[in-house]
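To start, the structure itself, in structure tokens.
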């Protein structure tokens, strides 16, 4: 009841805030592109080293680290002015808060990726993969959803602890490894060989399953993560 | 806690079974016919330790759910202690696994699904530890730890499954589809070791929970004396 | 339990009913069994030293904390069993503004209006901003506001959804005298339509507004009395009940 309107209100509030200050997006985009340049220097052993088999790894490591930056910001502002209390005082289901925060983080990640992926393709991918765009986007969305839902749950916890942004990577990185494995493999196969839906189906199903499991897990535990 | 069996009795039971299991493994079960030969004997401890580690994390998972439902700190203590024991067993799994690896494949470390999953589990539960140390308020600490324990326990099998996407592993599949199966003498020796190791885990958890509860009482007494 | 038990404040129905409220954090018991009631239209002032459990009590009433034991009813609903109607019925004003600094006043209020599902959001927001003399700065980002202006906007946020019960958590702390006057003016304006619970260190303000006075110490009600106590007498009572003597 009214959950959808509240969901929209929270997402809109976060978007307005971010598009006005741009402090998170600008940093994340700069970080992502810088990371690619760093990867280029780090992995190029000799003139014209073939980095094709590293592409999936580079891309997802970059996104996951960029998201860590964003997740810390996403709750810092709620915490700083005690806005979280204001939010919790509202007659809103806690799961709605979780879903809205996840959706907001997903939008930010997609914005970053919209900038980063073309630059990445320009830097590292020689063959045109426009024909494989659809499977790539499916993998991207499925992996993003897992990263954002799990990240939002853990950021909610870490913001209430003493070490805040120091804690989040330690909690988040070991848990996100399955997504990293599946998404990296799928992305590399797409970039390197143009593998289509057929042989990626297992990985996509796996990512879908991961998303489902952690949405349910967050559903069941978010009340505890955000309350008290 | 349930007072069915005392902690010392559990320790004695575990010790007797583990010794019998070792004797059976060395003198009753045959020398492995494959390339591993005598060094395959470590399997009788390696696999039960792994089972005990998983069981301990399972106990922590159940304790976390019960804590979230009841908010009773006893379950937090049980979860905390179980993670600690599970972590201890996981480290033993990796040490015995490395010995196995050296004997079977000639390398100390292989990025092999089960070993990798245990390595990640170690980091996950180490993170649980760090999380506990940075929350001052007791109830909040217990709640966050419980939420994380739930998520972590769900994540471990998913990680294991994900490692199947990586290039082929080396681990022998002993039981299960396509596995070689076990001879009677092997199965018996293994079962004795397994039960012994699980008892040892239960005994350690049992003892440590009691220690935690005593610590709590000391804290309470100190507070009441200090005003 | 307390000196001046008086349950029959003019016979109005109780808007807030607290019975045997206990709250433990871990193994530390912060509230050790509080029972009190506030009749509709009443104004309860809660005093007590830091760490006595005042703010904890208020946060339980606000559904931000759950009680470990006891029953708490606000506006006829149990805060634990049925928190949503309670949340609709209460507004909280604290020394934290709970406003998003990067949003404008309009956007902040619009956000909360959506969260409460207000149907007449635009008129209500305009009306409140007018009354609080913030209309001119309506489209400015809150970050640029002075402390006093933020506090006024915080009041607008708290009363936006027309709550029946207002919870005040040291609303006067950190305000300059001018802002205190504005706050008091506003309280006077909305006094008749609401039931109040105010936690405060400010004895003068607490006595000025309260129809009922309460001192909490060590998680228990140390003193409870109907209003009409003068400042000196109350200060003496406060010193008697609160041993650290941190009276203002």
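Some points to look at:
Think of it as A, B and C in the order they're written, each chain with its own count starting at 1.
Methods note: a contact is a pair of C-beta atoms (placed from the backbone, for glycine too) under 8 Å apart; a residue touches a chain by one contact, two chains touch by 3 or more.
From a predicted model like this one, the values you see are computed outputs, not experimental measurements.
By number of C-beta pairs in contact, A-C leads when B-C and A-C are compared.
Taking the mean of each chain's C-alpha atoms, the chain whose centre lies closest to the overall C-alpha mean is A. With respect to chain C, maximal separation of chain centres occurs for B (centres as means of Cα atoms). Averaging Cα coordinates per chain places chain A and chain B 32 Å apart. Per-chain Cα centroids separate chain B from chain C by 50 Å. Averaged C-alpha coordinates give centres for chain A and chain C that are 40 Å from one another. Touching two or more other chains at once are residues 228 of chain A. Residue positions 139-140 of chain B each touch two or more of the other chains.
Chain contacts: chain C has no residue touching two or more partner chains.
Of all residues in chain A, those touching chain B in their complex are 150, 153-154, 157, 160-163, 167, 170-171, 174-175, 177-178, 181-182, 185, 202-203, 206, 209-210, 213-214, 217, 220-221, 224-225, 228.
Chain C meets chain B in the complex at residues 24-28, 68. By the touch criterion stated above, chain C contacts chain A in their complex at residues 62-66, 83-85, 87-88, 90, 92, 94, 96-103, 107, 111-112, 114-117, 141, 157. On the chain A side of its complex with chain C, the touching residues are 2, 5-6, 8-10, 12-13, 16-17, 20-21, 77, 80-83, 85-92, 227-228. Contact residues of chain B toward chain C in the complex are 71, 73, 137-142, 216, 219-220, 223.
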